[in-house]
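Pasting a structure below so you can have a look.
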């Protein structure tokens, strides 16, 4: 691998990311899968870096998940998106930061469609007005939340308490970065680093002391694939994709996986359990799995937040070996204690995949 | 004869035209931006279909134009039409007034970096057709790791050709036969290697090309896979993994290679574009210079006194280029003669 | 645990691992197999095509890709009539090719 | 006549007796083994044939004509015919007359085996009689006959071209020993009888020689050694005979009744095939006849070499020779002992084991069955689909003649099974034949008209089609013209040569009807070699291994043969020959149907 070659491509795919004043569009499924991630995005940006991020309780799903699951047409998704924009306009923001990759793809796709076909945009404006008497301005900048995190990576690095380094050996941790498909595959110029060699996550990893590994199936989908998972008859294809990725990354012995998509960390995490059950195979050291984290969780660990506050106990794959490597202190007894020490109850342990 | 004829570009077309003009009694001026004559022949190793050494061809062509005025490392600063002549200013301070200009600016290879998915410049063992010719010529290349011999080599046809998204819808014509030639050469060097050609169509249009193809199949056992490579990645040993669809089989296919060669296509020389805008020469829909007529008069520009030869009007083989250069020399000769009779008539 | 689904097998062909033993054996006795340019004349003229999907082109490709099972199915209705032999522009002795495949085909290997 | 020795014995007879005993026992065992290898059906057939006077008569006639007179060879080459029959018949007569002589004088000595052979040694001429001189003359006459044959044989060995043979076989070491011992027998007999002619009597040959000997050899001391030499030569020849090509002499005697009984080859190594292989005299006539021989590297692939390799059990070569052959059948047509090289090879091919065997049982016959109640059913065959000019012409002819017909495989049908049969996949061929029988028998047709000789042959030989008449289009067209249903417009000035397709001519014996038809269309000329010696076009499906390029020389050679009289067009009656010739011919190549269609109203 010739690093300079990648740098050259990255220089061709830089995107302008304003420093401040963002309207935050949350993800519908992330709030359920990894609720602390969005919370800590706001915590880091607002409390730590002092940025102005507007979190509006009136916004809804962007419609992307239904659109990609073939349950609503694009016109419906456009009307939903137009309403989100009107909320942003009403709140007085021009920059949109999106938590979900599919949302980011959805917003981008719709904006590009409107650019190409202004009559579609006019129609959507008319529909929105008829439906709820709302008007909107299109956002000036659309960024994915990971773009923003990438943008602030050096500021975070400056405040880091822990590095992505193995405390025992002093070696950088080997990190697999997985980019959500809808991030840049549709519009390479909308992603940091383009579609083939995106650097949005690898930039963070580099900056925080880790080492990105580039394995053959890096570009491959995590396996969620919407209908591939949602329709049970197709589920075998969903897990086959994930399996293929793990087989491909296994020789590199990665310490962790980071992702910037709602579905990816979920499937890269949970399918490890299913693969272990079906094939008896585990990919981490000593029978553990490979922890699959969101970039916010990784940033939170680097910044020294408590792993249980970051919601890492919600992962199927045990996080403890990673914490040990990084030297992050944790109290095992508090793993399954929620807010106000409420007992979340310890789950049943799987047969093949080693967990705590 | 005093008429000045300027030939822009000292490649195969320029050299052949200059030689023909010399035999017709003119002393043409060759302007070459690089430090040597011969153009792409200079970088190539052997030429299909007879495996003629490119150096030998270039040398023979250069020998014959010793009496021409040759400016190496020279670029045109400005070119203007003044009455019936063209005034050309060069970066070495020389100004020339000439009756005819022959554009032989040729082509450049498609920048393989632009096909990001193939990882040229990123993966350790991905090279282009030109790099391979250089290696055949004895240039050191770290990417060709033949310490233990090569076990598997792949050739990707149509890199940057027939690719609207890469900005080139045209076929580069010579890559198919070049790929087979290079595949055979690799197989000759490494008889035990598996050699794969990933093609969309095999366009074996020229003399003995089909024989080359059959030889490649039968005598060398080269595997031809109909399908365009979709993505390239690298495995932990630094080997290249290629994915394509085997379209004749309707199934995805994957193979690990020691070396991947990208057959970078032919695109119009970027300097030609500059020249075209200075002279207000139109470009054709394929991005190459537009001739007066694509059937009957490929060697004349729509502007009087400006002639074309070779790949500046589209991808061409060496023999095609040479033939055009000869035709262009004759057309210039006729142009000057008619010009003379016209001026003497008016006097 | 039964999840009600399993890991779907890959449809992709990995040329690094493909079993070419049959192809190599056939190539030894009928080297012209390499000359196929997949024009499909043989398939178009084949009277067995409508019964078993027979196509010499696909048989050759199948051998090159290690798809023994598919090859066997196609051959099951070949009548050895020799039309493919007559139409092949590359002069491949298709009948000998077919007979050689039938001869060297290893049933035991396929059942594995 | 009186006996010279009371014991009627001398040690010199031992070599002869050993040789004779060995060869008789060997042949007896071989015969028993062959008999055991025959199937029960075949055994029955053979036994029945031996009591059938018609077949028995044929057996006897064949034995004389083939084994002794070499009638076939006479027809082909007089010199060779004389050479072979003089030795065979002369020797046979020497033995017969010798025994008669012995029987006349000393009938009691017949049982000693050697007595009639060495008669002249054991007896003395007591008085000159008419009867005696008659025998003396006959014996000398036949000895001279044999000797003349031997002289020719020696010349042939040195200069085979004088006998019109381009190529002949190379002899093995045992063959050479056999050959030289055979050559030696008769001169030695002449010498031996020459020495005893003054005692035992003799005629023009022996008596004269005796006089010559006496002019410089005064006593009888030389007598015994020459008789020893004669006996040794006989002994050596007979002892080595089973291991040489001369095994063909006893084998042919066995082959003739087996063949006349009508049994077929089933296994290339057993029974009938084995007798055939040993009947091959390695004469090499098939080498020149083989169409593959035009390419030097195929010289050693003629049937004589197949037989030799079968004897030697050289599996690699057996397989190579069997698979390469075009199965044109010409070697069988020219063979002096009528060994069907093609059938031997098909039998050899049928031994091969295949892991994949086709299965046609899933083919739905009902949907393919044509409706042709009371009509003529036209079957064009697979190959004709690639030469549509033939089927179009055939349809046009049928319409003109007002024939009510149905085109069975207009949209493609099943293969006839002959290609599978030729490839030795007999079981599969039978399956396909059964499928086709189902279709044809279910159609209700009265006649099955076939324009492809490959199909025609298998329809004729292997199909059970009840009352449905199977007819080749050459015959059918001839009948239509003869019946006046087809009117010939006008014969033209053009000359045509007819190429006899292997499967039609040698395969089915149809030679005259196509010529009859063509001669009504224009001028018929004959090729250099025609009828049963016609040369295969080179396109035959019989060969399994010959590739496209390797056949070109054969096709060109066949074309040279056809164009010896410079005809304006080449006419054939096989789609495969037509397209093969058309590839390299310098003049039009047409099927007989096309010519007829053009020239009739």
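Quick notes
Going in written order, the chains are labelled A, B, C and D, and every chain counts its residues from 1.
Going forward, a residue touches a chain if its C-beta (ideal position, glycine included) is under 8 Å from a C-beta of that chain, and two chains touch if they have at least 3 such contacts.
Everything quoted here is computed from the prediction, not taken from an experiment.
Averaging C-alpha coordinates per chain and comparing to subunit C, the farthest chain turns out to be A.
For the interfaces A-C and B-C, the C-beta contact count is higher for B-C. Centroids of subunit A and subunit D (each the mean of its C-alpha atoms) stand 86 Å apart.
Subunit B and subunit D have Cα centroids lying 67 Å from one another. Subunit A and subunit C have centres, each the mean of its CA atoms, that are 46 Å apart. Taking the mean of the C-alpha atoms as each chain's centre, subunit B and subunit C sit 40 Å apart. Counting partner chains per residue, subunit C shows two or more touched chains at residues 32. Interface of subunit C with subunit B (complex): residues 11-16, 31-32, 34-38, 57-58, 61-62, 64-65, 67, 90. Across the interface of their complex, subunit A is touched by residues 1, 3-10 of subunit C.
Across the complex, subunit C is touched by residues 232-233, 235-237, 239-240, 243-244, 274-275, 277-279, 351 of subunit A. Those residues of subunit B that touch subunit C in the complex are listed here as 194, 196, 202, 213-214, 217-218, 221, 223-224, 226, 243, 246, 248-249, 251-256. Those residues of subunit B lying in contact with subunit A across their complex are 113, 116-117, 119-124, 231, 233-236, 238, 241.
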